[in-house]
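Data block below; observations after.
Going in written order, the chains are labelled A, B, C and D, and every chain counts its residues from 1.
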Amino acid sequence: MKGILDIFTIVAVAAGAFFFLAGTVGLLRFPDTFTRLHALTKADNLGLGLVVIGLLPQMDGVMAGLKLILVWLMVLLASATVSQIIARALRRGGPEP
Amino acid sequence: MTEFLLGASAFVLLTVAAGLVCILRGPDDVDRMMSVQLFGTAGIAALLLLGAAIGAAAVVDLALILAVLAAFAALAFVKAGVRPGADPAEPEDRA
Amino acid sequence: MNTPTLLGLCAAVLVGLGLYGLIVSPHPLRKIMAFNVMGNGIFLVCAVIARRGAGAGMGGDPVPQALLITALVVAFAASALAVALVLRLFEETGSTSLSAQAAGPQPAAAEGEV
Amino acid sequence: MTEALTLALVGLLMALAVWTLVARDTFAAVSGFVPYGLLLTLAWLQLRAVDVAMTEAAIGAGLTGVLLIAAAARLRPTEAPAWAERPGLPTRVLAAIVSAAVAAGIGACVLLLPDPAPTLAPAVAQNIASTGVGNPITAVLMSFRAMDTLLEAVVLLLGLIGVWSLAPDRAWGGRPGPAPTEDPNSILGYLARVLPPIGIVVGVYILWVGADLPGGKFQGATVLAAMWLLVMMAGISDAPAVDRTWVRLALAGGPAVFIAIGLLGAGVAGAFLGYPEGLAKPLIVVVEAALLPSLAVTLALLLTGPPRRKDGDT
């Protein structure tokens, strides 16, 4: 059982790390700020999300696991708000959505 | 397992930081801000991985603090009047 | 070379960088930032010393660690006071120059009340 | 692997420190300062100082960044004149030599630290039972070195008085910062309604676990201060006028309770800030609970700066 959970952790964390790599590459390579914003949210949602899911079996206790998920939800809330605000600031000059 | 988690932590940190260092030099404040935001998320991930590796259970509480404050710096940037393509000579009067 | 030693040497470099910035930066806000870098270096040395004192089931000597917490909070208060001073100087004179003879351009946006 | 992570941290810390010093644009330099605080948090964790990491996360990566960003925006017009005043090459070379010498001296000291290292950890472990708390850092802060903590709370208050005393005469006793301009129904307003309830729970929780696990009043208070600042940034509530009675009471309450309990100790336990036998833990909890709101209000008002307007001003 321990072995299976460890393999799950390794797979999920590796996938999460890949999305952070993808987010960074996107931030460096995409042509304009809107598409770069798109790259940024991939890393926030999927990268951290997969790392959190991967670490869940390594936590001791349900409480620690719930806090870990709360961390992810709050980062989602923060990054969603920041993306909205950046996008609106970018659109300024055009019609306000 | 410990070695893998430490390696993953270093990998996430280095990847995103490499991007950060490139973008900090760039001309656009908004890109800098987005890069800082990305680094904030990656920092939380690296922190959680390091904490799991060294067996520090309290790292979840630490991540909780960072997550609550995750939007804070970016909001301060926007409030301070960072606008894409804004002329730096014309500061917003809303600091 | 182990982790505490590496971070200790990093701390030494941070102190040097901060000191250089403190002397050379002409802008007071940059001086405050340099001072913070220098302070972080000193705090890091303390944390390295605390880590070396690990024992009795603790990851580090708790006394320097506790003092570091107070140090961080006081450093923030000092930075806030310094920033408030610089902003007031700017509102009053329209410039943040620290040299005696320099007189910056008169501010357009500053609400200076004399 | 641990060394690889440390090396990455060291390299990045130095790179960002250099960046904050050499960047020509102050905004760019400040954008480096926020991730720099996050890297320091990781460094504290690598040194197993989890309590310090929490404080750095809250203050270094949170509040200091906001303070510098706001200041950099206000001071933007002064950057070009400041660059013109850059000291000449001889001064810079001399400064570099002095700084390198200082760094080399500290580096040598780090390499020559005594082995085995002197430590107070066993002494703390021996006496921690008398305080009733489980977190050695809290035991040091609230019992063995309680005087330092009291003085720190007072220093914060003095810092705030210093900031307030910079107010122009016209705005004396008024509200800090510019009047809120943000639409309270914007996205920012939404975040400022959703996040603070969670943030307040987190802040109080961090104080609560601080008795036995890493955490405590400073970290909790910083989170609470950040939540209040968020509400102010979103224009949902204005900063309070600094001459309001509740502001004064909130600021002075924590240190006053701390001093009162210290005097009680002088009478009952025979030493200022001494705790009577068996009552150490409840008294520590009372002091920490009283300090939390005071520290939160002090930190938030330190960030909003001196009063700048009276009610009725335009």
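Criterion: a residue touches a chain if its C-beta (ideal position, glycine included) is under 8 Å from a C-beta of that chain, and two chains touch if they have at least 3 such contacts.
Keep in mind that what you see is a predicted model, and the values were worked out from it rather than measured.
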Most widely separated chain from chain C, with each centre as the mean of CA atoms: A
B-D against A-D, pair bridged by the larger set of C-beta contacts: B-D
Approximate Å spacing (C-alpha centroids) for the pair chain B, chain C: 20
Cα-centroid distance, chain A relative to chain D, in whole angstrom: 28
Gap in Å, rounded to a whole number, between the CA centres of chain C and chain A: 32
Junction residues of chain C, two or more chains touched: 109
Residues of chain A engaged with two or more neighbouring chains: 70, 74, 77-78, 81, 85
Of all residues in chain D, the ones touching two or more other chains: 2, 9, 46, 48, 50, 71-72, 74, 77, 188, 191, 195, 198
Contact set on chain B toward chain D in their complex: 2-3, 6-7, 9-10, 13-14, 17, 20-21, 24, 29, 32-33, 35-36, 39-40, 43, 46-47, 50-51, 54, 56-59, 61-62, 64-66, 68-69, 71-73, 75-77, 79-82, 88-89, 91-95
Touching residues on chain A, where the partner in the complex is chain B: 6, 9-10, 13-14, 16-17, 20-21, 23-25, 27-28, 33, 36-37, 40, 43-44, 47-48, 51-52, 55, 58-60, 64, 67-68, 70-72, 74-75, 77-79, 81-82, 85-86, 89-90, 92
Touch list for chain B against partner chain A, complex: 1, 4-5, 8, 11-12, 15-16, 18-19, 22-23, 28, 30-31, 33-35, 37-38, 41-42, 44-45, 48-49, 52, 57, 60-61, 63-64, 66-68, 70-71, 74-75, 78, 82-84
Residues on chain D engaged by chain A in the complex (per definition of touch): 187-188, 190-191, 194-195, 198
For the chain D and chain C complex, residues of the former touching the latter: 2-3, 6-7, 9-10, 13-14, 17-18, 20-21, 26, 29-30, 33, 36, 40, 43-44, 46-52, 55-56, 59-60, 63-64, 67-68, 71-72, 74-75, 77-79, 81-87, 91-92, 95-96, 98-100, 102-107, 109-111, 113, 117-122, 124-125, 136-137, 139-141, 144-145, 148-149, 152, 155-156, 159-160, 162-163, 166, 168-170, 216, 218, 299, 302-303, 305-306
